Every structure is written in C-alpha cells, then in structure tokens.
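After this come two complexes, each holding chain A, first together with chain B and then together with chain C.
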Partner chain A sequence: MTIRPGRIAVHIALVLYTILALGPIFLILINAFKTRRAIFADPLGLPNAQTLTTIGFDRVFANSDFGLYFFNSLTVTVVSLVLIVLIGAMAAWALTEYRFRGSTILSLYLAIGIMVPIRLGSVSILRMMVELNLVNTLTALILVYVAQGLPLAILILGEFIQQIPKDLRDAARCDGVSEYRIFFSIILPLISPAIATVAVFTMVPVWNDLWFPLILAPGDGKQTITLGVQQFIGQYVTDWNAVLASLTLAIAPVLVLYLLFSRYLVRGLTAGAVK
Partner chain B sequence: MADVSLHGVAKSFGATEILRDINLSVEDGEFVVFVGPSGCGKSTLLRIIAGLETVSGGEIRIDKKRVNELPPADRKIAMVFQSYALYPHMNVYKNMAFGLKFAKTDKAEADRRVRQAAEILKLTPLLDRKPRELSGGQRQRVAIGRAIVRNPSVFLFDEPLSNLDAALRVNTRLEIAKLHRDLGATMIYVTHDQVEAMTLASKIVVLNQGRIEQVGAPLELYRSPRNLFVAGFIGSPRMNFIKGQVLRAEGSRVTIGFAGTEAALDVRPGSVKPGDPVTVGIRPEHMEAGGTDSTSLRGTIDAVEQLGESSYVYMRLASGDDVIVRAPGETEATPGGTYIAHVPSRALHVFDASGLSVLPDRS
Partner chain C sequence: MTDLTAPSVHSTDVVSARSRFPVHIAVFLAPALAIYTLFSIYPLIDTIRLSLYAGDETGARSFVGLRNFYTLLTDPNWSGQFWNAFTNNLIFFAIHMVVQNGIGLGLAMLLSLPRLIGGSVYRTLIFLPTMLSVVIIGFIWQLILNPLWGIAPSLLKAVGLGSFFGPWLGQESTALLTVSLISVWQFVGIPMMLIYAALLNIPDDLLDAATVDGAGPFSVFWFVRLPLILPTLGVVSILTFVANFNAFDLIYAIKGALAGPNFSTDILGTFFYRTFFGFQLQVGSPTMGAAVATAMLVIILIGVLIYLFGVQRRLQRHTF
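After this line comes the complex of A and B, so read on.
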C-alpha cells in the first residue's frame, strides 16, 4: 500500500488544527488544578505534587451561586435547543413540502436572519423585553436565542428534508398516516443526523454567550454561567484559580452534549430507504 | 373489490399539459397495464388515481363513486412505488404494520394480516430486518406486502420491477401474476417495458404524450395496432416500417407498392385512394413465411444476430429501407450477402399519412 502525499498533507493539517482547537481547553484544564504561583511560573506544565490544588474549585463553590448559574445556563440552552430544533424542523418541513402563497417570500425572510446578526437589534430587544416585563428572566434569553438559532436551523433541516425521497411521504399518505404523524414518525427520525448537526451548532454559541445575559438578565439570580465567571475577573485583581475552575466546570456539559449528538452526526440513516 | 373509471381526466403542471382527456374504464378484478415511453405521463395518471396528485379537470370514480376529493387513504387503494419507499428506520414487520395502526385495525387482526402477507411473500424469516439489510428483490416483496396488508380494492404498481436484475424481474413478474390470480383484486400497473405489459395484462393501455393511443387485450394490440405508435411500441424487435404508395383501388381491395414490390389487401372502405402515400408495417417474426400469397423483399445483409433458437437478419433493401427479419436459428445468412424475405400479405399493416391504420377491424 502506498501512502499518497496528498493524504499526508491532509492529515498534517487536521492534526495541526486539532492541536490548535484543543490546546486552550487543555491549558484551562491543567491550570485549573494548579496553584496561582504555578500558573504564572509554568503555564504549560502539568500539575505535580507541589502545585496540585483544588482551591479554585473550593472558592467557586464557596463564593458564588455556581450551582444556580449552572442550572440557569443549562435551562436556557436545553429549552432553546428543543424549541429551535422542533420549530425549525416543522418550519423547514412546511416550507419544503407545501407550496402555498408566499412560501418563497417567507423562506427568503427567514434566510435574511442568517445574514443579519441579531446583536444589531440589541437595543430594540432590550426595549421590547422591558415593555414585556421580561428583564432578568430566563424567558427573555430563550426567546432571543430561539430567534437567533432558527434561520440556520431551517436552512440546514430544509436541505435534509428535501433529500428524503418524496415517495416515502407518498407511501405514508397512501397508508393513511396524518401529516403530523408523517412529520413525527418519518421525517424527524430520518433527519436526526441533521438535527444533531443543528443542535451542536446552536448549542455552543448559546452556552458561551455573554452579551445577552449581560444585557437582558444580569441579576435577580438569573445569571448564566458565563456571567457568573465574570465576578472573579476584576478590574484590578483576577482570581485566576476560580476563573479557570469555573471555566473547567462550564466546559463539561457542552462536552457531554456534544458527545451525545456527535454519535448521530455521521450516521446516514436514509441508507436502504430507496433502491 | 372495485372498478375504476376515468372521465375526461386532464392534468397540467403549471402551463405544461401532461395529460389530456383521459377516458378509461377498468373492470373489477382486471389487470390493467399502462405502458408508454418514459415521460408520457403514466406515473402521473397512476398518482392521480391514488389521490397523490390532483386533477386539472375530469372525474375519477372508484367503485362507481366520485373520489376526486378523497385523500389516498380513503380510496381503498394501495400503491407500490418504483423506489419501494420503505421506511428506512423501521423493520420489515413495522413497515407492513405501520399503515394499519392508522386504519384503526385492531392489534391482533393487524398482526394476523402482517404474518399472513409475510407467509405469502416468503418474508417470515426477515420480519426483524431493516430495509437496508435486504436485497432489492426482498425490498420489493416488502413493498408489495405493505400493500397487501391494507386489503385494498385496487392495487397500484409504478414500475415495480425496474430496479431489479433481469432474472429477478422475470420471477417477480410471475409472482405478481400469481398474486393477482389469488387475490382477485383490481390491479393497475405502470411500466415502460412492453414485455411486462404483454405478459401481465388482461388489458393494456398504451399512452403517448399524455394521451391514450389504444386500449385492448395484449394480442389485440399486437394483431391490430390502431396507429403507427402502437405498432412500433408493441412487439420486439419493433415492427419494420417501409414507405409506400397506393397504386390501385377497387372497392375495399387496394394494391400497395413499396420497396419495389407490391401487395394487394383489403382496407377499410374509403380510407385511402390511389396515389396516397402510406406506411407499410411488417413484424420481423412474420417474414420468411413463404407461401403463395406472399411478397418478397430482397436486400443486402448488414448484420446477423444469432440467438440460438432464431436469428435476426438486419438487411437494407434496394429502396434504402432497413428491415429486420427473424430467421431460423441455423440461418446461412452472412453479412454482405443477399437475403430474400417472404411476407404474407395478411401479415402486412398499412397506415395512412396521418399514421392511422387503414386495415379493417380484425378482432
């Protein structure tokens, strides 16, 4: 077997990219378990017997409502995710399957959402939330994230739905399956790889967002974890142990969700559907 | 059990007219085959009957009741798709039982029907498999099984064999014929393959460019094609066509000159007059008959195909027409040589300038 130079180049590129992507995470992880002195003296070193400490974690749990922030973040992320996937898939199905007056205009309108960053509307959004009495609620965040995530979700899911053979829906219609059932029993299972993709793409920015929690829910115990971490970063002193520890804790759930979804990412479920 | 009838059915997609003025009646228990070249509207017509496509005009009746407004599930039909359209994430059993869940069939009855269909189609050992773990032929049988369990009055098949290899195709064809005998249900079957049409149908509907060219029993179409299109479409290899002219006419008896020879035969009175250009049709298998009442065609041999039990001689006549002749298996014909084919005049077909047959009804 000969190894083609092209393949080697690709692999080198991938390895470099992996190092680049994982490096910072690795740094956070190792430094979270080191003393402050060790963090600055030898930032790249692994923790050893002298430098190993969990003081950062202790301080995070003692000095902040870490559990609460964590729970807020999780709620916002999971609820947003479920809504984006569900509404997105339904909208994508409707826009690809049914031809109705204005469907093209509606698709275009939704596509614009991909190009216009939602942050441009921050001021109006804040004003609207004030009017609606939603400031300092998780609902405000969820609404914004759903609006932010939907356009791309509809685009990606629509592409996948289009690839599902039309005969499959027709067969179900001959079988007397209602349109809702077709969506839930046939379309949704078949686009699960796409749903996993959408989930990963929407989950990470939502979990990591600092902007909207800062504007819309900065208090009242509705802070998300990214906001919670900020309390250790001061203008004059920064508690690096606590910052790194809380970051480590913040990475964990996204990692778990990612692993959960990535199983489906590559799975080609439609194999064997037709022909 | 039910009959199906179409009255003035028309269909357009946007501005393009796909089907126009289709009138057809399918008797209860009949096996009707829609045949025609690709793109002529066969699938569209079948989907209209199924209720998957709306009509732009006309009426569809199933069991003598207008069904234009009924959804597919309420038409007592079941459809088998060319792509099989099995639900990829369900196993064979669930694929067959899925539709029954929504037809409010009780569980025990649904189970009985699925197992019975599996038995008929030899799918019992495969009930737990997913579609992707099945061969093409097995998938096809599951698709048929899914139709059977619905207990439909009318089965609709859209080119069900076109994704199978040749041997399997013959097998499945026989199975479908047997299924029709056993179930006695009305079946409407779409294909572009005239052999499938000839072997399966009790009635063939030849479609071309959205119109019905002719309806009839297989042999009827073979013996008395109504026009050039049907004549060329039914039969393999296809009928030879030679340009000719009406030389003389005495009542219904006319003499036609073609390829440097002539033949006398009876036509429909008044259909042609001396001087009219005509097209003469001769099937390859009707030549080489000899006999007293025959015309002979002489030409140079271009190629010879030996099939064992017979051979096909491709020859070019002096008039420039190309003709295929079915010769015996041990023919001495060789490319470059001369070949003489005899044609009994009762095997001739004659079509007028507009392509319509001028022969009297033979059926």
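After this line comes the complex of A and C, so read on.
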C-alpha cells in the first residue's frame, strides 16, 4: 500500500489548486447578489438577509437586451452544432467507409483546418459577408463556425465510425438497402455517443467566441452573449452591481451545462485511455 | 481505384461504380467540402492574395508584390509595432509553456496516482475555468486585481505578502506577465487532461518492472513515464503555440484594442485587429491587415512544420 502522509499531501495540493481554480468564479457569483456596500466591505462573505439584493440583475435587464443576446448565442450555437454534426458525420462516413481516389488527400486537406486558425482569413471573410449582404446576421456567424468546427468533428467522428462493426452495414447491403439509408438509419443513430463529444468540443468555442461576433455581427441586436457582455461592461464599468450581475448571467448557463455534461467532455479529452 | 471496400450487390451499381466517381460518396462529401472550402480555405488563400495589394482612398487596389511586408518589417511606423507584438507574443507563449504546461503536468501526475480518491471530481472542477469565455475570465480577474475593490491586496496581506501588491494590470512592467498568468490560470486544464490521458495509457507492467529493478519514484518519472508521454507533450506544445499566436480575446477584453499601457500587452492578434480596423488617428487597412494575417499564418505554419518534421518524427518511436 502507498504511504498515508504522502497521500494527504497530494490531496492538500489538489484541494489548494481547486480552490485557486474556482475561487475567482465563486467570488463573482456571491458578490453579484450583494449590495454595493457589502461588495466592498466584505467581499468574501456570502450574501445574507441584510446584504442580499438583485439590483444588479434588474439594471442589466433594464439597460441591455440580455435575453436577446442569450437567444442569439443559443441560435448560433445550436444551428452550428446541428450542421457540424450532420454534415461532418456524412463526410466522416464517406472518408472512412469508402476507399476512393483522393480520399487521403481530402483527409489532409481537411486537416489544414485543425491546425490553421480560420481567424487569419477574417479580412476576406468580412469582404465576402459584405458582398453576400450577411453582415450583422447570425447566418454569417453560423457559416463561419460550421467551417471552423468541421475538420475536428470529421476527425473525431471518423475514428468513431471505424469502430462500428462492419457486419451491420454489410448485412444491410445484402438486403439491398441504399447507401443513404445505411448512413441515416444505421450509422447516424450508432454514433450518438461520439456526437456528444463533438458537441461539447464544438459548442464551447462557438458560445465563447468574441472575434467573429465583433467583426461580423457587432450591432443591430445581433450581438452574441459574449460580445453583449463585453459591450455592456464597457458602458457600465463603474456600476459594480451591474457588472457582477452581467458576468454571473454569462457564467451561469455554461456552468450548468458543464456540470451536466462534463463526463462526455472528459471522456472525449481522455479518449484512448484504457483504464 | 474506384472500387468500394464493400462490394455492391446491384449489378447496375457495380457498373456505375466502376466507370465513374460514385454519386453517393460525392453527396456525402459535398456539403462539408463546400462550406469548409468557401468559408475557411478560400478566405485564407484570398487573404494571402490581398496581402500583395495596396488600396488607396477611392478603394481601388493595385498589385504591389511584397511591398506590404517590406513596410511591415522596415518602415519605422510599422516595424516597431510588429516586432513589439511579436516579442510580446513570444513571451506570452514562453510563460504558457513553462507555467501552464508545467502545472498541467504536475496536476496530471498527481491525478494519475493509482487509487486516488476523488480524482474525477478534481479533474472536473480544475477544468471548469477552461469552459468559460476568455472575455468573462478577463473581466473577472480585472475586478479581482482592481485596487479599488481591494480583494487581492487583502488576500495577499492575509498570507503576509501585502506589500507585494501593485496595480499589476496597469503597470507597463507587469501587465504582460499578469495577462499571461490569467490565461495560464484559465487553460491549465487542457494540458492537464491530455497528459493525464497519456499517463493512464502507460502499461502498469512497465512501471512495476522499473520499480522491481530498484527505480525510485523520481527515476520512474524521469526515465520511464516522461519519455513515454513525450509525444503528448509535443501535441500540447503545438496546441499552445497555435492558440497563443492566435490569441486576441483576453487582451481585447482587459486592455482594449490598444493593448496598453503603452502597447506593453500588444500581441499579434490585437495588432492584426488594429491594423485591419484602425484606431484613434490611424485608418484601418484591409490590405495591411491581410499582410499582418499572412505574417501570422507564416509564423504558425513554421511552428507547425517544426513540430511535424522536427519534433513529432523523433517522438513517434516511443509510442506503442
């Protein structure tokens, strides 16, 4: 057996780091519900009967379209995700299931997008969106995010599709089922666990992105929540209640989703681990 | 070769599959290739093309060859800013490599200890900041380090380091380090997870064999585990490199596009944004912006190539 004191030291180190990782977030969350006086007098204290207030949240909702920003982010994220998973699974299926001329080159071509950030093409992307009349639309963001998310999604889904037993599709082929039906009725349902992993990997960068909303859709009520918070805090920088409340509103949905789905993400990140 | 791995049972299909590119493969591939090419590859190529042009006030563009790059690297109005951003970016990257990946490695080592109680809880919680928006993290730390709120100085005072505190984000000498450490704090979870997975993949037999042969914990780490996770450390390094040389959001959220004080936190991402959109008295220039983006692309490609041909090839022999 391992030595006990060593184990205790390990736990102390891990607990201390966990506190360091969560402390700042916790601090924002508790102070968002306190009066301005309490924020400054007792920043580490939990809100109590005297100090509890939601005035910050009231101001955020009164002075900004937070609900709208949230809805914009949700639309962009969900539509991008559905398209990435569907289109990405189709391409991954084609690249892993069939051997055809150029399949290796196509895989390499797609791999470029994993290493080279699409952000560097922003000058041309903006030009294109201006020509297509898509500036300040959510469509522009969705198109860019789908292009950005596809390469990694195809890689992950492809590896997963390879693990599906061959017998299933061969049996279907013997029954004369079309390639399209094999994909949509047999393969797509089978890869749902991988879809969860792809979803987490895809959703997080899309939901959190500042660059493309700032460049492609900075106004006209098309702001995403990240940009909306950034603009709001820029305006109300001295109103600590409002700033803390807006940060809390931006953190809360991610926090809830993360705690619900963290096992998929951890599974994805540690994919290949055998134990 | 146009034959499929799975032989088709329809005679008509066999004929068509043999004679031309199978339609269904094209149908499966077309949407992904179209969107990816149009909104990812084409803009990158077009950006490189644009970097060879110069625009005037009327919007007309003329081909100028590599002059934009010459301006960027030699014109006193540009080169100072470019090299400043580049140097800052290198420092930003170096801090991530040492601190972020060092802490990530340390945490992964602790978490991979056999029969560790609560390991998955630690992993989940330590990874949490990585999930939040860089912008939100930037604002959180800006509030915490704000001398007005006073939470950072009072916490430091509690551990006896009260005199150490300063307006770190506002001083030219400390702003870049502070911003880098905020980013490190947020992203430590990624190297931690990747290295943790790699450590789990090392067969127990190897570690047991080393222990039986008399290797202490330090020797096991240095001579057995570290060499075996080198490929993962390579992946972590290149991911860090690409992310750092493409960073923008954090500096923009904390310091704005001017990356103050006095450009001390300016990195290539913020420099690109300013060049493209303009700031204060300077008008934005799409063509100069494209030139900066192309320079960033070249830097990132050099990094990726060094990794692929210099680092990864040498490390591959260690994998199972």
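A few comments on the model shown:
Quick note on the criterion: the second predicted complex is superposed on the first by the 213 of 275 C-alpha atoms of A that agree within 3 Å, B and C clash if a C-alpha of one lies under 4 Å from a C-alpha of the other, contacts with A are read in each partner's own complex, and residues count from 1 in each chain.
The rule we apply is simple: a residue touches a chain if its C-beta (ideal position, glycine included) is under 8 Å from a C-beta of that chain, and two chains touch if they have at least 3 such contacts.
The shown structure was predicted, so the numbers you read here are calculated from the model rather than taken from an experiment.
When the shared chain is aligned, chain B and chain C each come close enough to touch A:G176.
Judged by the touch definition given at the top, the superposed model places A:R119 against chain C, while chain B stays out of reach.
Of the two partner chains placed by superposition, only chain B is touched by A:L190; chain C is not.
Of the two partner chains placed around the shared chain by superposition, chain C is the only one that A:Q148 touches, whereas chain B remains out of contact. Of the two partner chains, chain B is the only one that A:L168 touches; chain C does not reach it. Once the two complexes are laid over each other on the shared chain, residue contacts for A:L110 go to chain C alone; chain B is not touched. Greater residue coverage of chain A by touch, when chain B is weighed against chain C, goes to C.
By the document's definition of touching, neither partner reaches A:A49: not chain B, not chain C.
Overlap of the chain B and chain C interfaces on chain A comprises residues 170, 173-174, 176, 178, 269-275. Residues 165, 167-168, 170-178, 181, 185-186, 189-190, 269-275 of chain A are the ones that touch chain B when the two sit in their complex.
Residues 47, 50-52, 71-74, 77-79, 81-89, 98-99, 102-103, 130-134, 136, 139, 146, 150, 163 of chain B are the ones touching chain A in the complex. The residues of chain C lying in touch with chain A in their complex are 1-6, 8-10, 21-22, 24-25, 27-29, 31-33, 35-36, 38-44, 46-47, 50, 103, 107, 110-111, 113-118, 120, 122-129, 131-136, 139-141, 143-144, 149-151, 154, 185, 188-190, 193-194, 196-197, 200-201, 238, 242, 246, 248-249, 252-253, 269, 276, 286, 289-290, 293-294, 296-297, 300-301, 304. Of all residues in chain A, only 2, 10-11, 13-14, 17-18, 20-22, 24-25, 27-28, 39-40, 43-44, 83, 87-88, 90-91, 93-95, 97-101, 106, 109-110, 112-113, 115-128, 143-144, 146-148, 150-151, 154, 166, 169-170, 173-174, 176, 178-180, 183, 204, 207-211, 214, 226, 229-230, 233, 240, 243-244, 247, 250-251, 254-255, 258-259, 262, 265-266, 269-275 touch chain C in the complex they form.
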